[in-house]
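Next come two complexes built around chain A: one with chain B, the other with chain C.
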Partner chain A sequence: MFHGEQAEMSEQEILSTLLASEIRGDLLVLFHKNPGLIDTVDGIARRIGRTTIAVISDVRELLQLGLLKQKRIGASEIVYLDRARDREILESVANHLKTVRIGREK
Partner chain B sequence: MTAPRSKAGASGFDQLFSGRAEEGLRVKTGIVELDDMLRGGFMPGDAVMLAGSAGTGKTTLALQYLVNGVKLGEPGIYVTFEELPDQIYRDAKNLGWDLRKMEEADKFRVICTSPNLVLESGDDSLLDEVLRDIQPRRIVIDSLSHLEMFVKKDDMRMEAYRVIRYLKTRGVSSVLLWESPQISGGSFSITDVGLSFLVDCIVALKPVEIESSLRKALVILKMRGSDHDKRLREFEITSTGIKIESTFSNYEGIISGSPRKVASEKFMELFRGASEKHK
Partner chain C sequence: MKLESWVTDSSLLSYCPTGQDMMGMAIRMRESSSTNPQDNLEWTPKSTGPDQRFAAEKSFSSVLVNTVREAVGNALGRNVLEILTSKGLLDDASNSKEFDRKLQLLFGNGAAVLERIVVKDLNRRLGIRYDSEARFDYGKSLETAKEVCFMESRLK
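Then we have the complex of A and B:
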């Protein structure tokens, strides 16, 4: 379980949210490989070879999950990875997967 | 970029009390021969332009400067407008530098963004948060040339000035990369938008063709407030980074793009040839 806005989500729900679509997967890979990426949604869409319209809802989901953060820079809204939250989520998902594996082995 | 604000960690105001802007100290590049050429290193807080055409080793030299900074206890930031960080991590690893590990220790950050976002910054700067997080002493901008795509030629100098002042006010020593195809042929011009006057130091990298092979030369063209080596030095990109070698003592005309052996060397060759004939 997470603190703050995501307090009600279980690890299983977080995992489902992260893997809900192919685009979300592409976004996760992009930000994990490039944790220092700071760009507009338009720029991020371009970096994974998609359009803004195609990625907007997935970006919104990741913002709600707290994995991405948003900030206004001049006239643009920028998006970037919250490294601390990312570590927290990864740890939690890893623990969940370990529990599932142990459960299966039993 | 914006004027400095007190909420960021390393503002000029903070420096007054932290003793960061100590006089007399140099910002070492960690490349012994280059530090010797710079009489100890760059001047603290200076804006350094690292100019050169594609493939001359600007990125390698800039990364090496940051990595060596981390080893000396000075955190650094690499801002790239071109390559995605994963390429930079990979290329750095090939040179023996584990940037991800340095990031985990909060000593290093690779920031990848668009130049227009740097230019658009209003009250909040794109870099405020990361400056606060890791309190860098060094920063590399790769490259200033990319700003040109987003501003009119007439405004370029003013925008570059803003970026430089933002970093200077925070006491961060900056290395600004500049793609300069002009440093070839008969021209000594680094930029055609007057940026050479804004920076404190210019290090130029240049490929030179000598006896049908392509070699690399490094020269310090300018260094405000300090003596420096004025000679051209040959360098190589090795598996562990930049290695600076000897001067091109037997050649002249290297910067102009027409290297030729100096007269005394030609004479010596003639002399050697003649004496061999007599043997």
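Then we have the complex of A and C:
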């Protein structure tokens, strides 16, 4: 599905990529609630109540970001959360958000 | 059916509604709320006392804050949640316009995705159907959830 290199992205771009669509938000919640989840794209789509076609481009974007990894097991291509990369990504999001002012900061 | 008329019907207060009943009520209330002149979350039935209204408001606010915490935490992790909390995101979370303003400043276009995650979770907790294809309005979704939450507390 995806075999490219991770592109260098700013913290802002990472955040925008993570929250670019409702499906991507659903994928984030699914994998963060089930960090050990290993499944095919078909299975992942079913878990969030979508079709494979609907989720494929969002899964691809998260693979490109490095948040998800893919592996071939037998005849199946499976997808899973890269926990180390996930921590890195969320840390960079947190660092970015620290710099944004919304008024009334404590 | 006017909301006030069935809220004050004593026969309705003597049974425990099922999820289906609650969904039906939510749909009817969603329809009736279109006549509501207020475009915020301050709507409550006229037939309730101030104590009950206050308790219902408090209960809804608590459900909403817990839902926002869980939704943001699940999507972006605990560290991000702590940062957002320290920035006051959850202060007055029931004020949908203020919450939306803060989310927009923090996340730009991503704010709508987080709001959808919050509403989806909130609706699941309250047994309200969520349609991802339907046009999304965060304020109206909270209004509906609040009405259902209020009905639940009244029928208990």
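One rule holds for everything that comes next: the second predicted complex is superposed on the first by the 94 of 106 C-alpha atoms of A that agree within 3 Å, B and C clash if a C-alpha of one lies under 4 Å from a C-alpha of the other, contacts with A are read in each partner's own complex, and residues count from 1 in each chain.
Following the convention adopted for this analysis, a residue touches a chain if its C-beta (ideal position, glycine included) is under 8 Å from a C-beta of that chain, and two chains touch if they have at least 3 such contacts.
Just so it is clear, the structure is predicted and the values come from calculations on it, not from any experiment.
Superposition of the two structures on chain A shows chain C fitting alongside chain B with no clash. Within the superposed three-chain model, A:P35 lies in touch with chain B and out of touch with chain C [touch as defined at top]. Residue contacts after overlaying the shared chain place A:T51 against neither chain B nor chain C. Looking at the shared chain after the overlay, A:I102 reaches chain C, while chain B stays out of its contact range. By the document's definition of touching, of the two partners only chain C reaches A:S21; chain B does not.
Counting the residues of chain A that each partner touches, chain B and chain C differ, and the larger count belongs to C.
In the superposed model, A:G43 lies in contact with chain B only, and not with chain C. By the touch criterion stated above, A:G74 is placed in contact with chain B alone, chain C being left untouched. Residue contacts after overlaying the shared chain place A:V93 against chain C, while chain B stays out of touching range. Taking every C-alpha atom of chain B against every C-alpha atom of chain C, the smallest gap after superposition is 10 Å. With the contact threshold set out at the top, residues 33 of chain A are in contact with chain B in one structure and with chain C in the other. Those residues of chain A that touch chain C in the complex are listed here as 15-16, 18-22, 24-26, 28-29, 32-33, 90-91, 93-94, 97-98, 100-106. By the touch criterion stated above, chain C contacts chain A in their complex at residues 71, 74-77, 79-80, 83-84, 86-89, 91, 101-102, 105-110, 113-114, 116-117, 132. On the side of chain A, the complex with chain B involves touching residues 33-40, 43, 47, 71-76, 78. For chain B in complex with chain A, the touching residues are 84-86, 103, 109-114, 116-117, 119-122, 124-126.
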